[in-house]
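Okay, so subunit A shows up in both of these, paired with subunit B first and subunit C after.
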Partner chain A sequence: MDLSSGPQNLNPTIYERTEERTVQASDYDNDASDEIDRREIFDLIRTINDPEHPLTLEELNVVDLDGVTIDNQANTVRVQFRPTIPHCSMATLIGLSIRAKLLYTLPSRYKVGVNIIEGAHIQENQINKQLNDKERVTAALENNHLRAVVNRCIIASDA
Partner chain B sequence: MGELIEIQEFEASEDRIWCVSWNPTGTLLASCGSDKIIRLWGREGERNWVCKSSISDGHTRSIRSVAWSLCGNRLASAGFDAKVTIWERDGQDFVIQTILEGHENEVKDIAFSRSGLYLATCGRDKSVWIWEYNEDENDFACAAVLTTHTQDVKHLKWHPQKDVLASCSYDDTIKMFIEDNDDWSCACSLDSHTSTVWSCDFDATGKRLVSCSDDKTVKIWQAYEKNNREGIRSSNGIYPVWKCVCTISGYHTQTIYDVKWCPLTGLIATASGDNGIRIFREEESKQADAPPSFSLIASNTTAHLQDVNRISFHPKEPGLLASCSDDGTIKLWRIEIKSS
Partner chain C sequence: MNCQTLIEKFVNDRDETVVNQLGQLLITKELTLVDFIVDIGDYLQSTELSKRSTALTLIGNILNHLPNTFLQSNEIHHLLVFIGAKMGDHHILAQPAVDLFRILAKQSTINDEDCVIMMKSIFSDVYVQSFPQASRYNVFVILLHFLLYRLDAVQQLGSDFVCNFIQAMDGERDPRNLVLCFQCLQYMTKYLDIEPYKEELFEVVACYFPMEYKPKATNSETEETITHEQLVLSLRNVLTSNEKFAQYCIPMLIEKLESDIPTARLAAMDVFIHCIEEYNARDITSYLVPLWNLFSKQALCAENQEIETSALRAITSLMQLIGKSIQNDETEISTKKFVDRSIRECENFLKELDLKLVWPATKVLHAVARANTTCSSLIWSSILPLLMKQFENLEQINHKRTILDMIIYFLQLPNIRTTIKLPSGIPEELWILISTHFQTYPSHCLSLIHNLLQLHAVPSQVLEDDLTKFILQDNIADELKIKLSAVLRMLASSVSFDRICTNILTNLIQSWTVTKTAPTNETLECCIDLCHNSERCQERLERFFFPSAQFIRLLPSLFKYLSPIYILTNLFTSLFDLLLTLIDHDQYAKIFCSKCASVANESCKTFVENFYQSNLFNDSIWQTDKQMNLLVIMYFIGSLKRQFFQNELEIIFNRINKKLLEQILNHSSNEIINIYCYFFGNLINKLSSKNEIIEQAQTIIKQCETSLDQVHIHLWIILVKALILSRPTMIEQYISTLILWMNEKTPIGDLACQSLKVLTNFDEQSLLLSSQTDCIIHPMVKQIIFMNILSKMKPFLTNNDLLPNQMNVLVDLLDNIPKSIIQNEIISLLPILIRALTLSNETVWSSSLNSICNLIKSEPNTIIDHIDTILPRLTALSTYKKDMSIRITSLQCLKYITSLPIHKLQPYRRHVIHVLKTCVDDHKRLVRRQAVDTQMSWCLLNA
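For the complex of A and B:
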C-alpha cells in the first residue's frame, strides 16, 4: 500500500457529527445489564480517523448508523462502509481499521463482518474477500508497519 | 445417529490455536498458533493428556501449521515469518534440523509425502514449493516451485498412496500436482467452490477427495482414470480427472476452516467459524450408479467458544478427534455411533 503520495480526494464533503449518546440513569447502575446495541458499535467506529484527512469516518460519511447491524442471538455484527470515491486506494486500510477496532474492543463471541456498501467501490468484491479472511487480517495486523498505520487511525480517535 | 462426546479440554494458550496434528502412532499431538509456540501433548496415565514439551525458538511470528513425517521423527512448522522449520527428534526433545527459506512472505501450510521423499510448502506468495529429501546430506533441496494458483495458497494434502499433491487456494480452486520424470506439473484444477477453499482431504483409497470452503459448503470429488466408463475426458490429456459428485450445504453458518476424512471409519468431520464441529457419514446407496449422499450424524454447534480452526483424527483409535480454536483451547472428542 502506497501511503507516501498525497490524498486522492482533495476536497471531501464533510458531514455533521451525530450527537453524543444521551446518558441514562441505568448507565451508572452496575447491576443493570443490557445488550450491546448498534449505536454502541457505531460509537466505536465513527471516531476512527481517516488515513488521509484529519477527519473521522463519520465526518466523511464513510460510516453511518444505518450501516451497522447487530444480532445478539446469533452473536453477529455487520458493518457496511462507503469509501469517499469508488477508486479509493485507502478502502482496504479503512476496512482493516474498522475490523481492528472491533477486534480489540468487542467481546470475542461476536462474529464480525466488514463490507463495502454495494456498488461503492470498483474493487468491492476483492476488498470484501480480503477483509473477511481472518488469516489475511491476522497476518496484516502482525505486520509492524501496517499495524502502526492502523493504530494511528484508531488511537487518535480516542484522544 | 451418533454423538460427539467431549473427553478433555486443554487450555493451551492465551491466543488463537491455528493447528493440531497427531503424530503417526498417535502418542503425541502437536499444536501451534499465534503465541509462536509449538506444544507437544502426550498421555499421562490412562486418560489424562498433558503438555510434554513446548518449543518457542522456531518462529518470530504466528505459526500457522505443524506436520509430522511418516516416521514420526521429524516435525515441520510453517510461519507467517516466511520460514519453514524442520525439527528432528533428539531423545525426548525436538531440535532444529534445518530452516527452509524461499517463500516471500507468510507460509501457510506444509505436508510430508507418504513416500517420505518430498515435503511441500505453500503461502501467500501464491506458490507451492516441492522440496526433495536427500538422505545422505539429511537435508531438503527445492525440486519445484509451482505457480499455477493465482492467489494465496491455504492448504496442502498429499495422496495416501502416490506422490500426488492437492492444494487449496483463495482463488477458489483446488489443484492436483503430479511428478513425471522429475518434472512437476498441474494435472487438474477442481473448480466448483464459489469462494476460498480452506482445506481438503483424501479418503483412504485416494480415489475421492473432500473439500471445504468460505462458501459454507463441503464438496466430494471423484477421480476418473483414463478410459473411464463414464467417458469423462481430460482437457490436457493428464489423468485422473477430478469431478465434483456431491455438495453438502445448509449445515454451516460461517466459513468452514477444515475438513477431515477418517481413514479408519470413513466418517467426515468439519471445523467451522460458527464454533461447531459436525460429523457426516455416507449413506449406503441402493443403486450402484447413484451419486453419493452424506448425512449429518453428530454435531456440536458450540464445540468451542470461538472459530474452530483445525481438527485431526487419531490415526489408531477410531472415532477419537482433536480440535483447536481461536478461544485458545484444544479439545478431544469421541464420536459414538448408536446402531439404529
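For the complex of A and C:
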C-alpha cells in the first residue's frame, strides 16, 4: 500500500452530517435497559477519519446508517461501506480502521463483519476476504506502522 | 558631622546612609547646594577616575532624594554645563552623568534652553548605543519626558531631533528600551516634522516587524517584564501613526502577507486593519489590487479561524480605506470597481453549493458589504437577486436551506449604526419569498423577518396572517419560540410597525374570545411579546388582561415599560386572589410578588403603607386560614427596597417580630416554618445597619442555643446567615458553636450538618435571603464563609473516623463553592474525597466523584500521588449497578486520567481495559457512550 503519494480523489463530494442522537427520558432510567442498535454502531464508525482527507467517513458517505445491520440474538454486527471511487487504494485501510474501531469499542460478544457494498469497488472480493480474515486483521494491527496509520484515523474521532 | 566628613565617608566606605543625611541637611537649609558642590569639588576634580565617578554618583543619589521642585533654574543650568563637560571626560563618567541628566530633566524649574543643551549634549557627546542597558533606558526616559512635557524645546531642534534619535535608537535590542523608543516615535511622528527623514525613520522601526519576542520567565513577581503584546502594540502604533509611512509600510505588509509563516501574515493584517485611520488610499493606489488579492486569498483558504477573522476584517478595512477617498467612475480608486471585482471573484463559488468555498466566499462578500453603506447596497443589489433566483431553481432541500442561511447572513450588518435602506424592489421580493415558504422553512423565515425588520423594511399585510397562523398552531419547537419572540418584540418596539403589531394582537385576542376559551400559554406569551413598547405597553396589555398562572410568569418582563404605581394598583392588586392559590407551590408566583415589590419607589409609599396596615397589622392574619395571605405579604414586604422603605421595614419588624417568632416555634408545617424563618432573616439582614436590631437578633440566637431541637437550630442558622451575609466577620462568633454541635453523635450532630449546608448554599431557593430581594450581601461573603469553615474544620480532616454526615457536608460544601475560591484548598482535600469513595455511605459518592472529576480535568497532575488508591476504586465504581450517573462520572474520571504520563498508567492499563470491556456492554446507552470514549483513550494511550 503506497501511502506517500498524493490523494487519489482530489475533489470528493461532501455530505451533510446526521444530527446527534437525541437523548430520551428513558435513557436516564437506570432500570430500563437499552439494547445496542444500528444507530449506536453507526455513531461509533461515522466519526472515523478518512486517511486522505480531513473529513469523516460519514461526510464522504463511505458509511451510512443503512449499511449497518445488527442482530442482538445472534450477536452479530455487519457493516457495509462504499469507497468514494471504485479504484480507491485506501479501501482496505478504511475497512481496517472500521474493524479496529469496532474491535476496541464493541463488547466482545459480537462477531463483526466488514464488507464493501456490492459493486462499489473493482477488487471487492479480494478486499472483503482480507478484511474478514481474523488472523490477517490481527497481524495487520500488530504491524507498528500500519497500527499508527489506523490509530490516526480513529484517534481524531474524539476531538 | 560636617559635610566634608560625610562626603569622605561615602567616597571611601560607600556608606549609603550618607545620602540620606546630606539630603536632610540640604532640605533643612543647614547646607546650601553651593557649599556642598564646593566641598565635593576636590573629588570631582580628582585625578583618580574612580573618585570622580563616585562623587558624581553621590550627587545623583542625593538629588534623587530631593523633591523635583528643589533646584532653582540657575542651579540647574550650572549643574548641566558641568555635567555636560563630564560626559566628554571619560566613558565611565557618562553613566552617572546620564543618571544626573535624568534627575535634572524632571525638575520642574528647568527652562527650555537648558533642555536643548541637555539634548544636544546627549546626542553629540556620546554614542548612546555604546551604553549599558540601564543608561540607554535613562536616555530614552529623558527624551520621552521632553516629548511629553517639553515639546516646545524639542521643536526648537526640529528635524535634527528626529535624525539624532534615529542614530540613538538604531540597533536597540532590549525590549524595555524598545517600548520606550516606540512611545517616543509615536509622539515624534505626530508633533515633529519627519518629512526629511521619513524613510530612515521607517526603516529603523520596520526592522522589528513582525515582532518576535518571548518574555523570559521571571523569578520574582516584583520584577517588571515586558510582554509580547506590549511590544506588538507599541510597534503597531508607530507604524500606523503617520500617513507618510504608507508608501513604505504597505509594500512591507504585502511582502509579509506573501510569506508562509501564519504569524507574520496575522501581524501584517493586524497592522493593516489599524492603519486605515491615518493612511490615504491615494498614496498606495498601485497596491490596492495586490492587497485585495492577498486578503481574499487568506480569507478563502484560511488555515484556521484566527486567520479567517483577521482576513475578513482586513477586507472590510480595505474597503473603508477606499471609501474614504474622493472618487467617481473615472478615478482609479473606486468603491464600485472593487465591489465589482469582489462579486466577480466570488459569484461562482456561491453557485456551487456542494463545494466548500460557498461559505468563505459568502463571508468575503459580507466583509465587503460591512465596510460602508455604498458597499452594502452594491452587494445587496447584485447578490440578493442572484440568491433568490437560485433558491427558486434549486431542488434539494438542504441546498435551499443553505441559500436561505446565506441571505440571512448577508442581511446581518452589525457595525452600521445609521439606517440603510435595502435597494428598491428587494424587500418586496424577500417578503414574497417569506410568505410562500413560511410553512416549509419556519426557522429560516423567522430569522429573515427579524433581519429585514432590523433594516426597517416595512412588511406587507401577508406577514400578519402568516405570523398569526404560525402562532396559533400547536407545538412550536423551543428554538422557533425564541426566534418568534425576537420577531414579535422587534415589531412591538418600533412605531413604524404599529399597525401590523395591533393587527396581529387583534387576531390573537379574537382567537380565544370568539371561541370563548382560555388562551393557550403560547398565544399569551406572544401577546406579551407584542407589548414590549414603552408607550403602548399599558394600552396593549389592558386589551387582553387575563389572570392566569402563565400571565404571572410572563408579566415581570414588561415591568420596565410600566410605572411602578400602575404595576402595584392594577396588576398586583388584580392578581392578588390568583396569587393566593399559587403562592404555596408555584415559584413564579413568589418571584412575581417579589418583582412587584422591588419596582416600588417613593411614589408607591401610600400604597405600601396601606397594604401592610390593612393586611399585616391585622391580627386575624395570623390565623391558620389566612396562611396564604401571609405568604404573599411576606414575599412582597421582603422584597421592598431598603433605599425607599427603610423606616417602614423597621416599623414592620418592631410590630410583628414577637408574633412571627411565636408562629415559627408553634407551627406544624416545616415548609411554612422555613419561609417564616427566611422572612425573619430577611428583615434582620435589611435592618442590620441598626445596632439595636442586631442586638435583638443576637438575643434570639442565644435563646435558640439553650433549647436545641430541629426548629430552634433551623431558626438559629438562618438568623446567623442573615447576619453573616451583611457582616461576614460575625461568622467567627458562631462557627465554633456549629462545629461543636456537628461533633455530637446524637441527632443534633446530623441537624447541625444539615444547617451547615444552609449556610453554604447560595442557590435561589432562599429567594428571601438574596440580592434579588435587596438584602445586604457582602461581596466577599462566599470566600470568607468558606475560609472560616475550612480553617475550623482542619482538625476533622486529619481525623480518620469522620462521621458519614460530616463527610457528606464536606463534599457538599465543595460542590457549592465556586471552584475559583477553593483552587488552593482542593489539593489538600483530595485525600478526603478519595476516602469518601471508599465509605459505605453511598450518598457521598456522587458528589465526591464530581469534585474529583473536575479536579482531574483541570489539574490532572495533582492526582499522581493517589493513583494507587483511586484507580482501583474508579474501576469498581464504573460497574456500580445502582446508579448510572456514578458509572458515567467514574468513566469520565478514568478518561481524564489518561492525560497523565504513560509510565504512571502502564501498570494499570491491562486491568482498566479489561474492566472497560464490561462497561461497553452496559445496559444503558449513555454509559456505553462514555465507556467507548474512555476505552478509546486507554487503547490509544501510546498511539
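In this section, the second predicted complex is superposed on the first by the 159 of 159 C-alpha atoms of A that agree within 3 Å, B and C clash if a C-alpha of one lies under 4 Å from a C-alpha of the other, contacts with A are read in each partner's own complex, and residues count from 1 in each chain.
Throughout what follows, a contact is a pair of C-beta atoms (placed from the backbone, for glycine too) under 8 Å apart; a residue touches a chain by one contact, two chains touch by 3 or more.
Please read these numbers as outputs of a predicted model, since none were measured by experiment.
Partners subunit B and subunit C, once the complexes are superposed on subunit A, both fit on it without clashing.
Of the two partner chains, neither subunit B nor subunit C is touched by A:Val114. Of the two partner chains placed by the overlay, only subunit C lies in contact with A:Asn151; subunit B stays clear of it.
Of the two partner chains placed by superposition, only subunit C is touched by A:Asn30; subunit B is not. By the document's definition of touching, of the two partners only subunit B reaches A:Lys134; subunit C does not.
Applying the stated contact rule after C-alpha superposition, one finds that A:Glu142 touches subunit B and leaves subunit C untouched. Seen from the Cα centre of subunit A, subunit B and subunit C lie 140° apart once the structures are superposed, a value rounded to the nearest 10.
More residues of subunit A are touched by C (comparison of subunit B with subunit C).
By the touch criterion defined above, A:Thr13 lies against subunit C but remains apart from subunit B after alignment on the C-alpha atoms of chain A.
Taken over all C-alpha pairs, subunit B and subunit C come no nearer than 8 Å in the superposed arrangement.
Counting contacts as defined above, subunit A residues 108-109 meet subunit B in one complex and subunit C in the other. Those residues of subunit C whose C-beta lies close enough to touch subunit A in the complex are 354, 356, 398, 882-884, 917, 920-921, 923-926, 928-929, 932-933, 935-937, 939-940, 943.
Of all the residues in subunit A, the ones that touch subunit B in their complex are 74, 108-109, 111, 129, 132-136, 138-139, 142. Within the complex, the subunit B residues that touch subunit A are 16, 34, 61-62, 64, 80, 105-106, 108, 124, 152, 154, 170, 195-196, 214, 253-254, 273-274, 305-307, 326-327. For subunit A in complex with subunit C, the residues that touch the partner chain are 13-14, 16, 23, 27-28, 30, 33-34, 36, 40, 43-44, 104-109, 147-148, 151-152, 154-155, 157-158.
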